Amino acid sequence: MPNEMNYIDYLRLNEILNAQFPESDRQGKSAHDEMLFIVIHQTYELWFKQLLYEVESVNVIMQKPALNDNSPELQTVVHRLSRCTTILKVLVHQIDIMETMTPMDFLDFRDMLRPASGFQSWQFKKLEAWLGLKYQHRHGQEYYISQLKQEQIDIIKKAESEKSLLELVNKWLERTPFFNEEMNWKNFQTTVNNRANSDTTQHIFWTEYRHRYFESLASEEKSNYDLFDEVFSDDSKNKNAERSLSPAACRAALFIMLYRGYPVLQLPFQVLTQLLEIDEQLSTWRYRHMNMVHRTIGKRIGTGGSSGRDYLKSALDKHYIFKEIAQLTSFLIERRRLPSLSREMGSRLGFAG
Amino acid sequence: MPNEMNYIDYLRLNEILNAQFPESDRQGKSAHDEMLFIVIHQTYELWFKQLLYEVESVNVIMQKPALNDNSPELQTVVHRLSRCTTILKVLVHQIDIMETMTPMDFLDFRDMLRPASGFQSWQFKKLEAWLGLKYQHRHGQEYYISQLKQEQIDIIKKAESEKSLLELVNKWLERTPFFNEEMNWKNFQTTVNNRANSDTTQHIFWTEYRHRYFESLASEEKSNYDLFDEVFSDDSKNKNAERSLSPAACRAALFIMLYRGYPVLQLPFQVLTQLLEIDEQLSTWRYRHMNMVHRTIGKRIGTGGSSGRDYLKSALDKHYIFKEIAQLTSFLIERRRLPSLSREMGSRLGFAG
Amino acid sequence: MPNEMNYIDYLRLNEILNAQFPESDRQGKSAHDEMLFIVIHQTYELWFKQLLYEVESVNVIMQKPALNDNSPELQTVVHRLSRCTTILKVLVHQIDIMETMTPMDFLDFRDMLRPASGFQSWQFKKLEAWLGLKYQHRHGQEYYISQLKQEQIDIIKKAESEKSLLELVNKWLERTPFFNEEMNWKNFQTTVNNRANSDTTQHIFWTEYRHRYFESLASEEKSNYDLFDEVFSDDSKNKNAERSLSPAACRAALFIMLYRGYPVLQLPFQVLTQLLEIDEQLSTWRYRHMNMVHRTIGKRIGTGGSSGRDYLKSALDKHYIFKEIAQLTSFLIERRRLPSLSREMGSRLGFAG
Amino acid sequence: MPNEMNYIDYLRLNEILNAQFPESDRQGKSAHDEMLFIVIHQTYELWFKQLLYEVESVNVIMQKPALNDNSPELQTVVHRLSRCTTILKVLVHQIDIMETMTPMDFLDFRDMLRPASGFQSWQFKKLEAWLGLKYQHRHGQEYYISQLKQEQIDIIKKAESEKSLLELVNKWLERTPFFNEEMNWKNFQTTVNNRANSDTTQHIFWTEYRHRYFESLASEEKSNYDLFDEVFSDDSKNKNAERSLSPAACRAALFIMLYRGYPVLQLPFQVLTQLLEIDEQLSTWRYRHMNMVHRTIGKRIGTGGSSGRDYLKSALDKHYIFKEIAQLTSFLIERRRLPSLSREMGSRLGFAG
């Protein structure tokens, strides 16, 4: 670093702006659009680095055994996740730039790139892993390994072995204290007449809520009965199945959605919302990317040897990371039918002032 | 109309701005967000009217038995299709506004709307029909009829019976004159040695192109051999199958993509590009709409009684309108391997000057 | 309303979709693009109606003599202001659609519209008034009155006479209780040695903060000294000048920005942020609108007789509504130099739990 | 380059992803948001490189003494300028990401960057110069030089000494051949009775057009009389004044706008449209950037010592590059009043076919 700060040195522009080496130039068959191809991928990777940086910082916060509600930590989590969404929206938009490259213009240098492939973007895979995509849920597992060098496989495997944001959110939700604090519930009013008949393993609130939810269902939706128990009951047969959020975590998340107006629940609600936003943007990105590949190479195979569009289409359906949170909306009921919380609980969820 | 033009009267703002009647108000259970729900749907329908207006005007032009290359008609077609794309991008963006309505806020009035449903938007169905979606390709045919009044079914049936943009594009492509003009081809240079062996029903250009295309394929792509003949050969077994573009039209479209640099082909290339843009935006709209429905109602059924997200997901895959044009990119070859056109053909495709 | 809810009746589509009457049709000189012109203005007015609806609901909440921190009201305010921003972003984007109308296409019907003009959009003026734009700050006051019918002038005058969001925010900020609660400050640590020398009318916190702010200024920024006192001191000579936020309100807003991490301040910080977002989007809308007008009519006069671009340019600079909030960023200091709040104050700003 | 193409090596990701060195880390006062600050500026600079690459390639084409209308060159120009617009739209959108950095978060590392400054982005200045911004039109000339190292000043000076796109467009427009080809005009019908009275130095078409334009003006617009002659007459007193487009070039540009429907004029019209699009996006970028700076630093001075917002605001108004093209819209008349071109001219502007 020179004596005086300077824009060019500070941003390492000499390195950044001299890192474009079109292969078509090297082979003496210069193709104009290859520069765009390189630059857009480099910007994508820079943004992936930034996304990883933000997600890592969020995971560090969420890893704490207990978040202090009075610290600004949850606010920081919301802010950084929201930044990730903002970045992802730009990444979706950037596809417009890629689409200015017509199929004929891509063909001018496409074969020179084989077998390099976007599937080798280890940063994107690491991002998916840190957010919560498990190896076993990945589409085309062997394929993705076959594309990568051992060094990068190791990076992704390591990321997959670490606590993902989804797992940390699960733990955080499970820690929600309100249900176990007896005082909050002693004045809770229920409408379920015969408590003896209710599921005794269930908390008084959930017995009541379950009852009200069932009453709210249209006759064609009666299958949601079983679904409710499957998702929320600790006795769920589905308990050991492939789920990322435990019944306890699902109950906490639903409670947050239902009573988001209470001060203590406001930021937690924003956390859940941001997770769904990230999933939606990732999903939109994958979708537009798939369409773009289809328009560019049609039914040709990808430079990395994949089946192109078909591969991407399958990944699209399988790679929703926070879908168990999204599906909780199935279990909401109208605000006017919501059980009222007791005055004690109201204070518990409020400010000190 | 008063003596003097006035913004408010001209735009009929008294009608437009007094056409919002929240059902929750009528039922005395006022739900704040219902106004948004009404307004956003009204703006969607206004834009659908505009899209229909533009597509109709395009179809009127395309219906002419012969477009005069020297008239501004094709330019008008490109301009208006491009406007449709611009409108569709805003419609995609508008989903952001809808997403500011949380599931709980929607629940406050959702049940009051039954059985009204967005499936009853006859304008959108008419738009799909005019662009080229056939009844038999529609997902959930009976369902969509069950939702509509006879009056609207008639409107859509009528639209389906009219020449769609896709059909008109097919006819326009089939009329491409260059291949039948002998003079253009007498000096065309070929590399296929034994012409006797080539498909005699094929034009000299396509025999040559087919040969070069086959040479360009990677070994894993050999299945594209058959695909090529299926798409482009008049003898194709697939001839009578469910296709919208005839082999002749496909040949013309591919020719336009390959030689888009010649003046006469520049606007035709823009026409094809705009059709793909429209399909992409429609597809992105359907995708984001599906995601939004999923986030809003989860696994609940739609207000119209549909299975919600699942219905939308199936429609997503089936409702690409111009996919036969998109798939032609599978058959491009590199610019440096393209057959050169003769000097006569060059003049034929150029300006008078 | 028929027995059964129906999409078309519910949305009054018969009225909405039959409210387009191109003047060029009536005059028998049909101009294709006039339909777009009508439809886009109608969608703008529909969205203005929605914006007014949201802002009105926010103002109703803010009008309460005291907002209960434990009610969800402030959350509702943030949510609805944020929705306004989302809508405004779409309105900015919609200019892309208008720009598909070339100057020549506009000329085909432009003269037929005289003297109607977008300046007659009373809804937009009402929106500006409700947000906080005063008549005396409006550019071209007589001009705007000359354009409107008495009926609309009355609507806007009435809106201007009501408490605007800016005024309500000022009152709400002034009510901030923390400074007057002695307990919060008895353990507050200061570095200003000689308290006797400090401005005795000032609160201990502000004396300390003023000191630290002055120390943080670069030598070229010394003029900010006076500015600080002008903005924050109750003795400010500028006291009676044209300002919308009182010194007390400015102090509260700055305090919120500085200590936004404390639970009680999180939503207030989001309120301030949303106000700036709205201003930014309104400003971007005005800017792009001005550019569009310039591209469309150049140096011709507007249909309403205005000087077109020049008028819009002047309004651009004068119509920032929340600029006094934006300018508070001039007075921030680095987080590591911030005075620490006492433990009592920490509790006061935190959750009950 | 290793034996086998690989995504990571091809994109030089080891260099690109290891070029972020937060100064706050180096000084041991780590500030989370500095990484974002670095990454976003690096992506901006990558895109500036791409924009320079596209504009350079366009200028190379435009530099040819004569463009062959039958070559695809003009199509390439339109395509690449359109790509620049698409890139610029993403750059405008990226400001959303920067705005996720709150003023307090920026303050955490802001002072460490002095005196580095975005004004040192020589690529952006080179881009402006290549497009057509002259040193003498630049706001704050000495200031910008004081910020840069000699090496970068030399780069920009060199760019300013080369033919800019604006100058090349001027030359290209001046070469328009149609007016000098007598045959095109011998059957041109005029309505100006006494030709003897018309400006003899003017071409028959422009004498006629000038007459029709004057007739189209509203009474308040009579000052446009003089403006017309000033812009289009070779005798213009304004001839030697500070203008970038000569009267002959302005006439050609207006003719293209008026008769854009003729085949030969379709691409030239798209060229002019793209130039205005680029200016609009650059202008929107400057505007949002100015607003962002204002929100972030208020009335503090920039890290490079500039007056921050005020500097940017002045540049905003002065740095329109293609404003002389934009202003031609002042001189359009309605399509139905346009002089008809002769049949000979019609052929001249059409296809050979």
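Going by the order they are written in, the chains are A, B, C and D; count residues from 1 in each one.
The definition used in the following text is that a residue touches a chain if its C-beta (ideal position, glycine included) is under 8 Å from a C-beta of that chain, and two chains touch if they have at least 3 such contacts.
Computed from a predicted model, the values in this text were never measured in an experiment.
Undergrad: Give the chains in contact with both subunit C and subunit D, ordered by label.
TA: Joint contacts, listed by label: A, B.
Undergrad: Greatest Cα-centroid separation from subunit C: which chain?
TA: So the farthest one, by centre of C-alpha atoms, is B.
Undergrad: Report which interface contains more C-beta contacts, comparing A-B against A-C.
TA: A-B
Undergrad: Find the geometric centre of each of subunit A and subunit D from their Cα atoms only, then give the gap between the two centres in Å, rounded to an integer.
TA: 40
Undergrad: Between subunit A and subunit C, tell me the centre distance in angstrom, where each centre is the average of that chain's C-alpha atoms.
TA: One centre to the other, that is 33 Å.
Undergrad: So which bits of subunit D are touching at least two other chains?
TA: Each of 260 in subunit D touches at least two other chains.
Undergrad: Quick one: which bits of subunit B touch subunit D in the complex? Just the residue numbers, please.
TA: 69-72, 75, 177, 260-264, 266-267, 346-353
Undergrad: Which part of subunit B faces subunit C closely enough to touch in the complex?
TA: 1, 4-8, 10-13, 15-17, 19-21, 23, 26, 32, 35-36, 38-39, 41-43, 45-47, 49-50, 53, 57, 79, 82-83, 86-87, 89-90, 93-94, 96-97, 100, 112-123, 149, 152
Undergrad: Sort out for me which residues of subunit D touch subunit C in the complex.
TA: Residues 29, 103-104, 107-108, 111, 218, 220-221, 224, 227, 257-258, 260, 276, 280, 283-284, 287-288, 291, 294-301, 305, 326-336.
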